[in-house]
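Two complexes follow with subunit A in common, the first pairing it with subunit B and the second with subunit C.
Coming up: the complex of A and B.
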């Protein structure tokens, strides 16, 4: 295996990991505030179609990212009103959001099927990516670099800022946070909106970077992987980054193993390669829950409706 | 004005109840109602778009002799039976079930209603009421044209075929592609990936990248979305689309596409039902009957184009058959003897890969 081949694998891995990293990061912040939003897949699809439509109509991929984030945040508000203001069940409402987002994106995308758009190209000048090191560092779409920046920002926000502390307090003990005067519902609205915006960008990564076309169900169930990823990462942004790339690597390895023919498939049948991400999830969850913290990273108020007594 | 009392009411109700009977006596002159179910949206740009185009062609050809309705996005499985029964209850007496996964539902509905006629696409089960036929088209024929051109365009002698599920329809396409390519280049290798989904554009694109990164410098695919064609366009790898003309997604690199043309079949079978001459008989059409064609061959050298068109002509006049023996499988065993040809049954049940395919069937 040559170095060039490994670089080619790496580039595919980065592409496959970026959407679930965005969506997972948004869901992480939402869950940290104590809200479980299972509508990630629906929000990703709405972001995807909004992003595609924007590029198709205006030709501007940067604007498409903004529109996709706004669209994702907007549909997440349907969930927020139902669960936060009306105290509806979060699991059921989240599932409904996924179904709603899938249907809405299909309807919105009807007139865009069969169009092709120009994918996001790299922001760096071509000469930077001429040699191998340059290729590894500089040959990606802007969304990839943005996802790394967001991981850092989310970590900094949650662990080093007062606002992040309030958000975590709301997620750990909503009644205490409420009793010392913080707006639990307000903080959660903001967290849900952020989750929606990130899912929207994650969804938009499909038409903007990976497959410059619109098709129904374009995200192919990756919203669910993003939700699993948050648990996998123990609600820690750094681990989420590693987890997203781990999932991307396993999914990509499966394809490269099959393409290389008999060598890899003799090691493990192709069904085994396809099952690897899920086996790895089980193993990781087992290790996490066996550790001393006992998987106790989950926000204490996760999924519980907050009904202030006064 | 009629005064509404009990006697009048009962009389009126009886008259109303007899109305449908009278109406059904009059059906000889009424148009035949024809129902279609599709597994996906009609604008998917592939499989379902092709079936819908066929339905439109049938409607145009038969005019006011028929009325037709369709239901799209019908999930394969028990839901299909509900939709088919619903179409029957709305008066449709000829039903087209256009996806493999509808087979069991289609057979059940055919068994349940002796007066319905069912045409089942890519199926193989009969109905004891003698009111069900299976139909299919010879998808593998276009693949031998692409295999020939792929081997002529390739520099590395390695091509790729992006497979969905290891079912006979896909396997016979891979074999046809490889056999034709090896006639041009005896050392030809076809790399394959099974992605185990009909539709996941991002995975299709990643699989296409994986195949290209491993040395394939020309490829084709059996997937429903044009994602792989887009990857090939961006990487400068010649490719061939399937189901409909996909050149808009690969303006320079999509050299041709296979086209499924169901219209002539739908017209013929629907007309037979209208005329009362419909009999259960399985249909398996190809280039010769106009059920398969290819989009214009573009952006290739003249000799490559000529070679491709020669094979197409061979299919039309019956002088070419990709499955003419001797043909060996991957292990080197003779599967089709010298001088023999694969039968329709062999092709429709194909479960082995030919020599030259670099990859395996999931066991």
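Coming up: the complex of A and C.
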């Protein structure tokens, strides 16, 4: 295997990991506030179709990212109103959001079938990416660099800011946070909105970074993997980054198995490669959940409705 | 002026039964508005999706055929949700059950006898239960969240099915279409109403639903499931095992989903193909909630959702409404139902203002 081939693989892996990373980061913050939103897949699809439509109409991928984030946040508010204001069951509401987002994106995306869009071009001048090292460092979509910045920002926010401390307090002990005067519901609304916005961007990364074409249900279950990833990462942004790249790599193997055939399919039939990320998720969840490092890290109020006694 | 929620002394039984009806009606109204807003004939869409299948008597058979898997999977999920154990992977158990039964069908394709069909049905149940056993084992052994594991297994099931119907199980006489051979006469469910697809499985489904209603409301098993779900610590003190309940829920709902899968193969489909999964496993989650987790309610809810399946097809052919639209209607139904849950335990009052101003009627959109 040549170095150039490995670089090409690396670039594909980065592309495949970015959507999961965005969506996972958003869900991590949501869950840290004590809310389990299982609607990630639906919010990603809504973000994807909103982003695709924006590029298709305006040709501006930057605007598409903003619109995708707004669309993801907007649709997450349906979940927030139901679970936070009306104390609806979070598991069921999250599922409803996924069903809704899947239907809405398919319906809205119908007219874009077959349209190609102009995806992001790299932000760095071409000469920087001329040699191999430059290529590894500078040849990605701006969204990729943005995802790394967001990992750092989320870590900093959760661990080094007062607002992050409040958010964690709300997730660990909602009644105490409420009794010392913080708005539990307000904090959770904000956390759900952030999760929605990040899922929206993650969804938009499919057409903007991976393949500049519209396809029905193009996220293919990556939203669910992002939720599993948060557990896998023990609610820590750094480990989430590593996990996203691990699953990105597994997803990439499927592409290479389909494209290059024999070498891969001698080991495992191509549908087996396609199933691998999901099987690996189950195995990873089993290992992490069984160990003390994983299961014990979950925010104490995760998934529980908050009903002030007044 | 604001809304105030006052806790009721005890849950309202009226609201328990009225809210699902309200949710369906609101879905029709809001659905019409949404579809009008995005440029379709909104009221026409609602008519096609919800009313037309009932108005056209020749569609009733279709409704029954589509309601059967929704009810069968839905009653299983209702038991699980009662225990607050979440089987989101019924779609996978449905597929694997169908695969297991189809496997028996392929092995017995040259044989004859009345034992073949029952064997296929049993294989379907075993296949579904086995696929459901994995999340149960993972939850009990390794503390793995069953929502995620059961869902991941659905994707694995789809790829397993794709591999089999495009590879070893592909019909050798099928002009290389990705599908299995048609089942034989000995493998078919008897048709009850000539000229329709109304098959024996529908009757079995109804018997199972009524039996589960009896078990859930009258037996110790039903009591155990409800206590584990609503009062976990009381369940522990009462000697009801959480782990045992997890097994019970997944084996039961998995077996029923698997049975639904093999009913589809031996009934309307007569083979397996890439288009076999119809999302019944996911829609059944809505059915379970809309039926208030009561097996008798699930029968009614299954019929309502089956109407949207039949109506979705009608809307597609009559109004060129994309098939995805029925998913939006179905999700809206669940949203409204979940939103209205609060009315069961709380009374809503408007406080701090005189009588609310009348809401202006919505003018018909252009």
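What we mean here is this: the second predicted complex is superposed on the first by the 268 of 310 C-alpha atoms of A that agree within 3 Å, B and C clash if a C-alpha of one lies under 4 Å from a C-alpha of the other, contacts with A are read in each partner's own complex, and residues count from 1 in each chain.
Quick note on the criterion: a residue touches a chain if its C-beta (ideal position, glycine included) is under 8 Å from a C-beta of that chain, and two chains touch if they have at least 3 such contacts.
Predicted model only: the values in this text are computed from it and were never measured.
*Asks:* Examine A:110 and indicate which partner it touches, taking first as subunit B and second as subunit C; both and neither are also allowed.
*Replies:* A:110 sits against subunit B and subunit C alike.
*Asks:* Return first, second, both or neither, reflecting whether A:33 touches subunit B, subunit C, both chains, or no partner chain.
*Replies:* Neither partner.
*Asks:* Please work out whether A:89 is in contact with subunit B alone, subunit C alone, both, or neither, and reply first, second, both or neither.
*Replies:* Only subunit C; A:89 stays clear of subunit B.
*Asks:* In the overlaid three-chain picture, which partner chain does A:271 touch, first (subunit B) or second (subunit C), both, or neither?
*Replies:* Both partners, subunit B and subunit C.
*Asks:* Is A:206 touching anything from subunit B or subunit C once the two structures are fitted on A? First, second, both or neither.
*Replies:* first
*Asks:* Is A:258 touching anything from subunit B or subunit C once the two structures are fitted on A? First, second, both or neither.
*Replies:* It touches subunit B, and subunit C stays clear.
*Asks:* Common interface residues of subunit A with subunit B and subunit C?
*Replies:* Common to the two interfaces on subunit A: residues 106, 110, 216, 269, 271, 274.
*Asks:* Given the complex with subunit A, which residues does subunit B contribute to the contact?
*Replies:* Per the touch definition, subunit B meets subunit A at residues 40-41, 43-45, 160, 191-197, 199-207, 209-211, 213-214, 216, 225-227, 230, 234, 248-249, 358-360, 362-363.
*Asks:* Please name which positions on subunit C make contact with subunit A in the complex.
*Replies:* Within the complex, subunit C contacts subunit A at residues 38, 86, 88, 134, 138, 141-145, 147-149, 151-153, 155-156, 159-160, 162-163, 166-167, 282, 285-286, 289, 322, 324-328, 330-332, 334-335, 338-339, 341-342.
*Asks:* Touching residues of subunit A toward subunit B in the complex: what are they?
*Replies:* 5, 8-9, 12, 15-16, 19, 106, 110, 113-114, 116, 119, 206, 210-213, 215-220, 222, 251-252, 255-256, 258-262, 265, 269-271, 274
*Asks:* What residues of subunit A sit close enough to touch subunit C in their complex?
*Replies:* Listed in rising order, the residues of subunit A that touch subunit C are 38, 78, 81-82, 86-89, 91-93, 95-97, 99-100, 102-104, 106-108, 110, 216, 221, 224-225, 227-228, 231, 269, 271-272, 274-275, 278-279, 281-282, 285-287, 289-290, 295.
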